[in-house]
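Letters A, B, C, D and E mark the chains in the order given here, with residues in each chain numbered from 1 onward.
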Amino acid sequence: MNYNFNFNVVWRDWDLLASGLALGLFLAVVSIAIGCVLGLISAFGMVSRHRPLRWLALGYVSAIRNTPILVLILFTYFALPQLGFALDKIQSFIFTLAIYAGAYLAEVFRGGLLAIPKGLREGGLSIGLTETQIKAYIIVPVMMRNVLPSLSNNFISLFKDTSLAAAIAVPELTFYARKINVETFRVIETWMVTSLIYVFTCYLIANLLRRLETRIALPR
Amino acid sequence: MNFTQMLTSIWNARMSLLAGLENTLLISLTAIALGSILGIGVGLVLTYGGMISRFFVRIYTDFLRGTPVFVLILAAYYMLSVFGWNLSAFQAGVLALTLFCSSHVGEIVRGALNAIPRGQTEAAKSIGLTFSQTFLSVLLPQALRQMLPTWVNTATEIVKASTLLSIIGVTELLLATQQIISRTYLSLELYLFVGVIYFVLNFLIEQAGRALERRVAIP
Amino acid sequence: QTSDKLQEVLERGYLVFGTGSTNPPWHFVDEQNELVGFDVDMGRLVAKALFGDTEAIEFVQQSGDARIPNLATDRVDLTCQFMTVTAERAQQVEFTVPYYREGVGLLLMANGQYADYAALQEAGSDITVAVLQNVYAEEMVHAALPEASVDQYDSVDLMYQALNSNRAQAAATDQSALRWLMVQNPDRYVDAGYGWNPQTYSCAVQPGDQRWLNFVNTVLREGMTGVEFPFYAESFKQWFGAELESPQIGFPVEFK
Amino acid sequence: MSPVLKISGLHKSFGDLEVLKGIDLDMEKGDVVSLIGSSGSGKTTLLRCVNMLEDFEGGTIEISGKQIGYLTENGQRRRLPEREIARQRAMTGMAFQQFNLFPHMTALKNVTLGLIKTKKFSRDEAISIAETWLERVGMRERKDHYPGQLSGGQQQRVAIARAIAMNPELMLFDEVTSALDPELVKEVLAVVRDLASDGMTMLLVTHEMRFARDVSTKVVFMHHGRIHEQGPPEQIFGAPQSDRLVAFLADSD
Amino acid sequence: MSPVLKISGLHKSFGDLEVLKGIDLDMEKGDVVSLIGSSGSGKTTLLRCVNMLEDFEGGTIEISGKQIGYLTENGQRRRLPEREIARQRAMTGMAFQQFNLFPHMTALKNVTLGLIKTKKFSRDEAISIAETWLERVGMRERKDHYPGQLSGGQQQRVAIARAIAMNPELMLFDEVTSALDPELVKEVLAVVRDLASDGMTMLLVTHEMRFARDVSTKVVFMHHGRIHEQGPPEQIFGAPQSDRLVAFLADSD
């Protein structure tokens, strides 16, 4: 191959990449946080005794999970304003990613809920806790511990999905990587650096979750 | 939105759309199948491997999971040719998605295997089964039941990731659609159209997963 | 080893040519499912020069990101994909002689809030301009509209979509594309009537093979000024809607 | 004074299967009633109805004179709101065969949770009550252990402390020893015996006949969803009346 | 003829904790040996070593004259390859406290799996052997049930059939009844008793003293990783020698 590597042109714009990464992380953290809440609600919905609730939750998960996120992003940003629901590009992206995250996490949480012994709920009932209290103090904390390992896959995927924000001109990491690409034509170097940044960040996320996992693991 | 125009343009481009769909199906299904098989191996090493092999396989999964998929695709296409392994765009894309899929399935398998009580392995040992027999007859079928829901998550992700092969010039469904868009400028309409097709694809996978889940449910 | 691309291509019997497939009028797929456009015609011109056959060509449809790596790893012989020539880029690839000079224009909705360039200038920071992610895209827009916000998109259709859904009030785009768009959608868009920011489009080859570069240069130059002028001129008319005057006979126009 | 527990004509079905076919049972303060009977006779279901872990279709259950779970107004019977039932459940304490401790909380927190959330004690009060009861069941030094770090017998003792700390009018025990190794059984039975001698009102399902004989003021033999025979332990074990009970006792040894 | 089981100087540690401190034990064909002893004394570990579910550091175990798990050549001891050990494991059958049936297979398939994979029987032969043994433990009619559809006692009987169908030289039972309700215990003990009267060589850990007394040819009392006392059941239960055993027996009742 007739190619001389030159990483200087990429490092020259490190401040752009850093600000892109920061924005990407911000988008991911906010959307995942909202997505967790949505996912929890829908997971409880999916295992609920009430048929309409169950259908509603199942419908949401199935509709969102099966649609390419790019389509969702474009739809929210370009089509929803025509229906009178206009958000700026960052809000719009967070809105989309949160809804998307909610659908994926709902499935994960549902699995966790199914694995919880029935006895725990009854233990809570027998000391006079209400259903809500049981969910808040017992079911959710125990379930969270069970699903933490499978959450890392999802969190990482969702963080990487922030790269799609570039499609609606949100200047995150991928956006700047493309920008550097078109300016310098150093495509190979740029993507090598960018993917290293992604890998490193994802590794941190995975590691953080594994640490959390051991920290809150139930002692045996 | 302009639906008549959209329908006409879709009809006009039906052949290239069909070819795109065929590519998408071929890419996704191959990558999911090969990736799952490889992923089972990865999960095995992560669960039962020795210190050293586990260390390397952990790096493998964390690296693949962490890299944006389109970078993997670029790498499979270009980096390998540096080492004199000239894959076609299609082959390189499938390779990248297969590896990506294997890293996700590996984690899923690890989780599922960890959840199987140790007594199962011991009982299998005590009737004289070798490790591979134990794995195939006893552990895998049980792991499968727990894996299915998250595995479906991964499978749908692979279908969606197949769109990224357009970067190296594979005309899959999304690129075929974008080609129509660039000609007709019906972007919203056509993105919606292609969204529906992907939805149907993933929905079928989801339903297949659910059906399998019911079939293998332990009474 | 000394590579000799020209010999290699001749022995192979066809040209491997890299370009995109989603940017009319440069390169796109038409109703007959054929790859067409001005870039594509430049490829055919080279094929014709090599083999006397405009069909002796294999297209590699590539995204913008793949332009450089495909050249570097020898997956294409030649790339013509509306590449803006800059000195920085010239460190990566070897550019041929230019085959088009582009300028930027502003596209507005015909029934939109702002009628022309003056109205846009008036609006100051109230407007957002959509632009294709490009070299100095931001500076470029600000050269014309200093206070406007700039949203950069990575594909042309999303840029127009932003305009359609009023996410942006104007789209700054190549005048070639702009003209093409207005021909395709009469009455929908208008030109704000201001052009600036000249840039040159060239094809590119892998660095280091002077003979091959010379060959392509010769073909392109003779397309614009010599025996292949009718081919070039016809293509130009088809995609940009303008008749070219024949090159002046006598003193070579390019050295004027 | 009204009896601590008064069950009248209790009927309960699962789908088509009638599991409780009219149960009447009264317990005064300090009574210790043992429920015995073969598997499937409805003992667990009866306990669960008393703690409103199951809805039931007919009859009433009163605890200290207060009807629980349902309200009968002009002949209309309707289920109380969930919040109200939650409050009523705190009048009875229940210990389960599978302990059902909360795995993510220490022994101490398992006990204080209900005190704080249901009984609205302050954290400090709750801790001091919990420590008293953990002391009583001999688990004070292990209060900061998680259930996973405790043996079965120790877990069951914490579970009992958790129930009793709520100061219930009535304690329900459902085969609290049958998930335990024989050696651990003794620890738990000692605690129950201790509570009995304290005058705690208790209704317990057990398979340990010798224990039932030692500790109860009354033994109730259930069969096919009915109370088949009941009486003081000397009578039930010493002079069983019906053939069924005789057969059951012969089997159970 | 060499003894069915010959354990000599068996040593086993978990990290720093020495759990077996030199065990010697011989069993002839038809012997039924009961291991008793308090929790943590090493009974389970001993059984697991015999079945090579645990590696051990010192001593040898021979089954029918063949050393298992390790090979000693010119004073060098090395572990046999896993494949070889897998074959040796089939010489012993083991029934576990937690049954460990394969939940995704019917009772019949649980039993045939080892016959087909390890013993290389044809499917038909395996099924006929499995049905014979399921018949013996009274589970023939339930052969198409999955473990989740069986009661604990029924599951344990299938587990025993699964082990015995492999035609082992020696059966190992580790507290096979202690996860069961008292009523289910009887079913399982009946099966074990039945096997004993058939002349099956068996080594069993049990907490049921009465049962140990009835069924064993020899009782071994373990304490702190050593065999503390052993002898025929009449001697161990009727005339225990050491204070420890006396105390243990008093406790266990």
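Operating definition for what follows: a residue touches a chain if its C-beta (ideal position, glycine included) is under 8 Å from a C-beta of that chain, and two chains touch if they have at least 3 such contacts.
By chain, UniProt protein names: A = Amino acid ABC transporter permease; B = ABC transporter permease; D, E = Arginine ABC transporter ATP-binding protein.
Being a predicted model, the structure only gives us computed values, none of them experimental.
Chemist: Give the chains in contact with both subunit A and subunit B (ABC transporter permease), ordered by label.
Modeler: Per touch definition, common to subunit A and subunit B (ABC transporter permease): C.
Chemist: Tell me which chain's centre, taken as the mean of its C-alpha atoms, is farthest from subunit A.
Modeler: Computed centres place E farthest from subunit A.
Chemist: Select the chain at the greatest separation from subunit B (ABC transporter permease), using centres from the mean of Cα atoms.
Modeler: D
Chemist: Give the chain pair that accounts for the most C-beta pairs in contact.
Modeler: A-B
Chemist: For subunit A and subunit E, let me know how many angstrom lie between their CA-based centres, rounded off.
Modeler: Centres of subunit A and subunit E (C-alpha means) sit 51 Å apart.
Chemist: Averaging over Cα atoms per chain, report the distance between subunit A and subunit D in Å.
Modeler: 45
Chemist: Between subunit C and subunit E, tell me the centre distance in angstrom, where each centre is the average of that chain's C-alpha atoms.
Modeler: Whole-Å distance between the two chain centres: 81.
Chemist: Tell me, which residues of subunit C touch at least two other chains?
Modeler: 65-66, 69, 72-74, 158, 161, 164-165
Chemist: Among the residues of subunit E, pick out those that touch two or more other chains and give their numbers.
Modeler: Counting only residues that touch two or more other chains, subunit E contributes none.
Chemist: Please set out, as single numbers or ranges, the residues of subunit A touching at least two other chains.
Modeler: 1, 74, 78-79, 188, 191 - these are the residues of subunit A that touch more than one other chain.
Chemist: With touch defined as at the top, which chains are paired up in contact here?
Modeler: Contacting pairs: A-B, A-C, A-D, B-C, B-E, D-E.
Chemist: Along subunit E, where are the residues that touch subunit B (ABC transporter permease) in the complex?
Modeler: On the subunit E side, the touching residues are 51-53, 82-83, 86-90, 92-94, 96, 98, 100-104, 113-114, 117-119, 146, 148-149, 159, 162-163, 166.
Chemist: So in the complex, which bits of subunit B (ABC transporter permease) are touching subunit A?
Modeler: Checking each residue of subunit B (ABC transporter permease) against subunit A gives 62-63, 65-69, 71, 74-75, 78, 81-82, 104, 107-108, 110-111, 114, 146, 149-150, 152-154, 156-157, 160, 163, 174, 187-188, 191-192, 194-195, 198-199, 201-203, 206.
Chemist: Taking the complex as given, what residues does subunit B (ABC transporter permease) use to touch subunit C?
Modeler: Its residues touching subunit C are 12-13, 15-16, 74, 77-78, 81-82, 166-169, 171, 175, 178-183, 185, 187-188.
Chemist: Would you pull the subunit A residues touching subunit B (ABC transporter permease) in the complex into a rising list?
Modeler: Checking each residue of subunit A against subunit B (ABC transporter permease) gives 1, 62-63, 65-72, 74-75, 78-79, 104, 107-108, 110-111, 149-150, 152-154, 156-157, 160, 163, 174, 188, 191, 194-195, 198-203, 206.
Chemist: Which residues of subunit C touch subunit A in their complex?
Modeler: 3, 64-69, 72-74, 86, 88-89, 91-93, 130, 133-136, 151-154, 158, 161-162, 164-167, 206-208
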